[in-house]
Amino acid sequence: MANSFGQLFRITTWGESHGGGVGVVVDGCPPKLKLTEADIQPDLDRRRPGQSKIVTPRKESDTVKILSGTFEGKTLGTPISMWVKNEDQRSEAYNEMASKFRPSHADYTYHAKFGIRAWPGGGRTSARETIGRVAAGAIAKKILKEQFGVEVLAYVSQVQKLTAEIDHERVTMKQIESNIVRCPDAKMAEKMIRLIEKMRSAGDSVGGIVEGVARGVPVGWGEPVFDRLEADLAKAMLSLPASKGFDIGSGFGGIALTGLQHNDAFRMKGGKVRTVTNRSGGIQGGISNGEPIYFRVAFKPVATVMHEQDTVDVTNKNTTLKGRGRHDPCVLPRAVPMVEAMTALVLVDHALRHKAQCG
Amino acid sequence: MANSFGQLFRITTWGESHGGGVGVVVDGCPPKLKLTEADIQPDLDRRRPGQSKIVTPRKESDTVKILSGTFEGKTLGTPISMWVKNEDQRSEAYNEMASKFRPSHADYTYHAKFGIRAWPGGGRTSARETIGRVAAGAIAKKILKEQFGVEVLAYVSQVQKLTAEIDHERVTMKQIESNIVRCPDAKMAEKMIRLIEKMRSAGDSVGGIVEGVARGVPVGWGEPVFDRLEADLAKAMLSLPASKGFDIGSGFGGIALTGLQHNDAFRMKGGKVRTVTNRSGGIQGGISNGEPIYFRVAFKPVATVMHEQDTVDVTNKNTTLKGRGRHDPCVLPRAVPMVEAMTALVLVDHALRHKAQCG
Amino acid sequence: MANSFGQLFRITTWGESHGGGVGVVVDGCPPKLKLTEADIQPDLDRRRPGQSKIVTPRKESDTVKILSGTFEGKTLGTPISMWVKNEDQRSEAYNEMASKFRPSHADYTYHAKFGIRAWPGGGRTSARETIGRVAAGAIAKKILKEQFGVEVLAYVSQVQKLTAEIDHERVTMKQIESNIVRCPDAKMAEKMIRLIEKMRSAGDSVGGIVEGVARGVPVGWGEPVFDRLEADLAKAMLSLPASKGFDIGSGFGGIALTGLQHNDAFRMKGGKVRTVTNRSGGIQGGISNGEPIYFRVAFKPVATVMHEQDTVDVTNKNTTLKGRGRHDPCVLPRAVPMVEAMTALVLVDHALRHKAQCG
Amino acid sequence: MANSFGQLFRITTWGESHGGGVGVVVDGCPPKLKLTEADIQPDLDRRRPGQSKIVTPRKESDTVKILSGTFEGKTLGTPISMWVKNEDQRSEAYNEMASKFRPSHADYTYHAKFGIRAWPGGGRTSARETIGRVAAGAIAKKILKEQFGVEVLAYVSQVQKLTAEIDHERVTMKQIESNIVRCPDAKMAEKMIRLIEKMRSAGDSVGGIVEGVARGVPVGWGEPVFDRLEADLAKAMLSLPASKGFDIGSGFGGIALTGLQHNDAFRMKGGKVRTVTNRSGGIQGGISNGEPIYFRVAFKPVATVMHEQDTVDVTNKNTTLKGRGRHDPCVLPRAVPMVEAMTALVLVDHALRHKAQCG
């Protein structure tokens, strides 16, 4: 009972890996926004399996269809229902999953919680669930861009120990999309791609870090004390499959500094109150301060590996399981549009909430 | 409009640093729980300013009063209203704050968002707001302990660069409370205390890491896809003042491993499905798996320092501001009961949610 | 932004009269419930236009498809997405509606609120929206019956001035379904049918009353103070198109009595606390008391009539409009499954909520 | 777990009849609204027991104190906590209530639901709970008046069989407050007062109807499909103690008309789209249409009567109980400010929701 996200711009996702498809209902979208499938599909294509040699090869076109909420190419203010059919449903590849729990997957916990689980393809725990998020996020990004001048970006900054240094204030979507790993540092991207290919060959996987950025957010978004902007971003990111950590601004690294070193001094600049440094990450006291928002999300290495591993089965017996079928050596390139989507969903929700009370 | 937290065990906090006090209403508490102020006060005393030489010296007894929701020492199932009076209200110490924004505080963002702010003591942005959380958390901890056998603990594991190694599976409350910095590693605790005292003398401050642990959580708590247990924990922690990051299980550190290295193998042990390692941090697919839950929260160094800093005033002029009055060189010892409280609030809420759908 | 209903058993409906269809996502359904389309379709057939000579003739099979949330015929505990295609889309019949507001319809208010509206078939204001409710309600009724022994029924008790006297404690589904007006008083049903046919011939319409009953509800459901069981039922009923009033138990009629006359005395009966009379309508203080719950819902005469009426157009000019195309002389027979559905949705939600706090 | 009401202007009430008091936290109030206790107290005085000879004589000053959320007489945008102490706590008058269930009260259902109840004064089921609503409603009314030009009124239109005819478009607060029964028809008011006095002498009680009116509501408030304005009003009214029914506009009476007779024709008037009649009650399709909103709420006769009645006790034995102590012969005069408060709370919440999506 937690398949909805957002208070005023509220999405509800549904769907399992196998079955009638996956989708999302978006409630609360402002009316009269120009919207067709062409606004949604590009982000789904960035999330799609099989998009490059370094991601999972599942064959899915992931073609979105808007079933409601628009009329003559514009939003109505009523719920927008979007649907993507499931196509590549090879249950047989997963047969062993019916009786054995994949290590570090959600098979066991779903089985224990619900007493039943859709084992083909991981059912609801499949990353296909994020299709609904990315589709809804595309709408959120469009609203942010057109109505608030806010740009949301994400990119891969680290794969295992390969770390890129990216200037989050200047990085562009073009740079991010210039290579298949979505790391705007071209040289490091090449190394990352080689590492991921090596992992694919070894039947193993790697994790890393995706950084998210929002530029142009006006002062005032965020609802203390519990729905601080960074709190909602943290929740959004930790709700993504395989994510294990989140920090914002100086984050874990800020600990090394003293308060005097860490504080962001205020100065007037161009008639605006600005901070000289931005260790706060664009948010102070839970409310945006007009500086760029930037944060990091840690993703663990994908749990499915092509090796025999110890596990137990549904009858509580020790056994082993070897990953078969599709193998995703690195979730990061596809996590980029997911991070963007969740960021945009948080921001547009807060934009509307701010308007309601203080607008 | 975000002063409530939780779905079924729902708290609403209120109150500014100065004024009639601070408090909380707890809605959804199960009936017939034994409860008096004596169950609440100890955690408030752990959160209280002035409790030791290394925390802020504000003089407050922080005595809690239960105004409703109990009868003859037991909960009624109706809202529990708790109230703590404000006592030490030295507005004059903050006079300069009326017109100048403290760097890296929330003065500017509140001013910009609401067009008004209660500047004495920081108003709603004061850490006094967490009194309501800690009071409610004490109830949550009691329910977890008595009805579910779950123990929630937190402790300081790092102050600036001083890092303790704590075994989260075995650490005890007694060890944690054995020193004023709340680090169960006694030797490291001494160093930490010296560092904090040095900072106090220098009018500066340090941050660090609080680790949270929940032991005894049964399999099955957590509501994917958006209200994953780790997602709600992340939000809870990032909603605390001065927090900048969260990770769970292997967290940011897990990135160094490959999938094969990182996966937690399942094995039967004592008739139960257990994992051999616990890099998952007790949660898989957003649902508890029966292993200990452990996570880290990064806190930045407190922004109030006793030095002159650049800032701007409410008339948008550059100026400087020097911290005066009470100085908190390190928020960590007092953050420990806050982290415990928020952890307990998340867990009891999920316990009730799990019971509703799957009980 | 209000297309969801329920707290723990939460439905989200979507869809316009014309377009990709209408549907619903059900979140929070308990796992392991046997469920296929065959459990849903019968109630949709009872709601369907064209089912008899006295309802609107729109040609729709209203065939439901479950897209997610079940596996091998059982619920997973994940969101259940259900979809019904739109088939009979004769926009041309509505062309005049593009520029003129139908009196006592929602055309004008939608236009004014959103600045845009899907005029074909009334868009989101079409009664087709209730398909999602009825589909979700069928699941709710199944849970109530199988897991709680609760039976939910509704029937037509009044059409304009034709009033039937029905014993809500004994009326059966068979009696209700024995005639096309769904009034279990066979003689009165004949008169009602004749009246509705007369109205159809005259191009006019009539309203009336649907009574709802829930039998077997255990003591204890309902969440004071705001989510009293009768409050949520009232909201549920007033959210149905064309409804104008609700009362429960003695309702508006109870005003004629004094307190002494009106009170329901308690007596032990069969080892249970029972009330001798049931003017409370099965609810006291917002909580079910174990007696049958019964209430009335007033529906106005359908606004679409085949006569020329004064109205204004989208350019704010006075004009006239004559209803064309499909004409529904009486909404009551089709409102019966809607009332049942909403009743069941309220009850199953409260069943889960009660279990969470007091179970 | 249902002591909150509203989505964006959200109130949480707490408190029992006896104990530390009753109160409310208001979250989401716009900042910079002038607000002191003087804005709240007058409505509490209208709700207060002992205000006249025809209401319950409990001696309470019901003095409200604002504990948070304002600064220098203006709202901060943070939670407003308001508290009223309990004063007249004569538990002994209720001693028999500890072991016997009062007929048609909530004693039995609370006891059965929670397994515990605060029997003195009815605990949470006491009408004192509505103090929080009325206090919050006073703020809502102030916002509506000052920021939207909306006036909210309520009055008694019927006591048992004594029915007044009131023109809801023209009635004034002064007329309503000109007599103690709050019926603006002075002649009928006298009869009503005599009837209530007769009931008081007889130790009996009477119910009746309170009508609510909102004038000046702009076009566009209301959130279909579930949070239609009339649906939220219905819920609000049925959440009041002793209410049994709600209808809006033509309501139950509209059933007598055909669609052609019932429809509200649109005409331009003063440059605005207006309806010639207002059987819709100011709401069409769940959204306000600019006409006055008016509705009726049925209140049953108060259950406490000074006569011996059959009941059962907590040991499940048949017994009798005679009302003692304070006797409220008619709840209607005090229900008037409650109806106003709930109306205002619904409206201001919808005003903010409308602004968020369509503003």
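Here the chain labels run A, B, C and D in written order, and each chain numbers its own residues starting at 1.
One rule holds in what follows: contacts are C-beta pairs under 8 Å (C-beta built on N, C-alpha and C of every residue); 3 or more make two chains touch, one makes a residue touch a chain.
Quick caveat, the model's predicted, so the values are computed rather than measured.
J.: Measuring centre to centre, with centres taken as mean CA positions, what chain is farthest from chain D?
T.: Most distant chain from chain D: A.
J.: Decide which interface, B-D or B-C, involves more C-beta pairs in contact, and give its chain pair.
T.: Most C-beta pairs in contact, of the two: B-D.
J.: For chain A and chain B, let me know how many angstrom lie between their CA-based centres, rounded off.
T.: 26
J.: Based only on mean CA positions, could you tell me how far chain B sits from chain C in angstrom?
T.: Going by mean C-alpha positions, chain B sits 46 Å from chain C.
J.: Starting from the mean Cα coordinates of chain B and chain D, work out the distance between those two points in Å.
T.: It comes to 39 Å between the two C-alpha centres.
J.: Two or more other chains in contact with one residue: find those residues in chain B.
T.: Only 1-4, 8, 13, 28, 31, 77, 113-115, 124, 353, 356-358 qualify.
J.: Over in the complex, which chain B residues touch chain A? Could you list them?
T.: Residues 1-5, 13, 101, 103-106, 108-110, 112-115, 124-125, 129, 158, 160-161, 199, 204-209, 219-220, 222-228, 230-239, 241, 244-252, 254-268, 271, 273, 275-276, 279-281, 283-289, 298-305, 307, 309-312, 316-318, 353-354, 356-358 of chain B touch chain A in their complex.
J.: What does chain A use to touch chain D in their complex?
T.: By the definition above, chain A touches chain D via 7-8, 28-31, 77, 352-353, 355-359.
J.: Would you mind writing out the residues of chain B in touch with chain D in their complex?
T.: Touching chain D from chain B are residues 1-4, 8, 10, 12-16, 19-23, 25, 27-28, 31-32, 65-69, 71, 74-81, 83, 113-118, 123-124.
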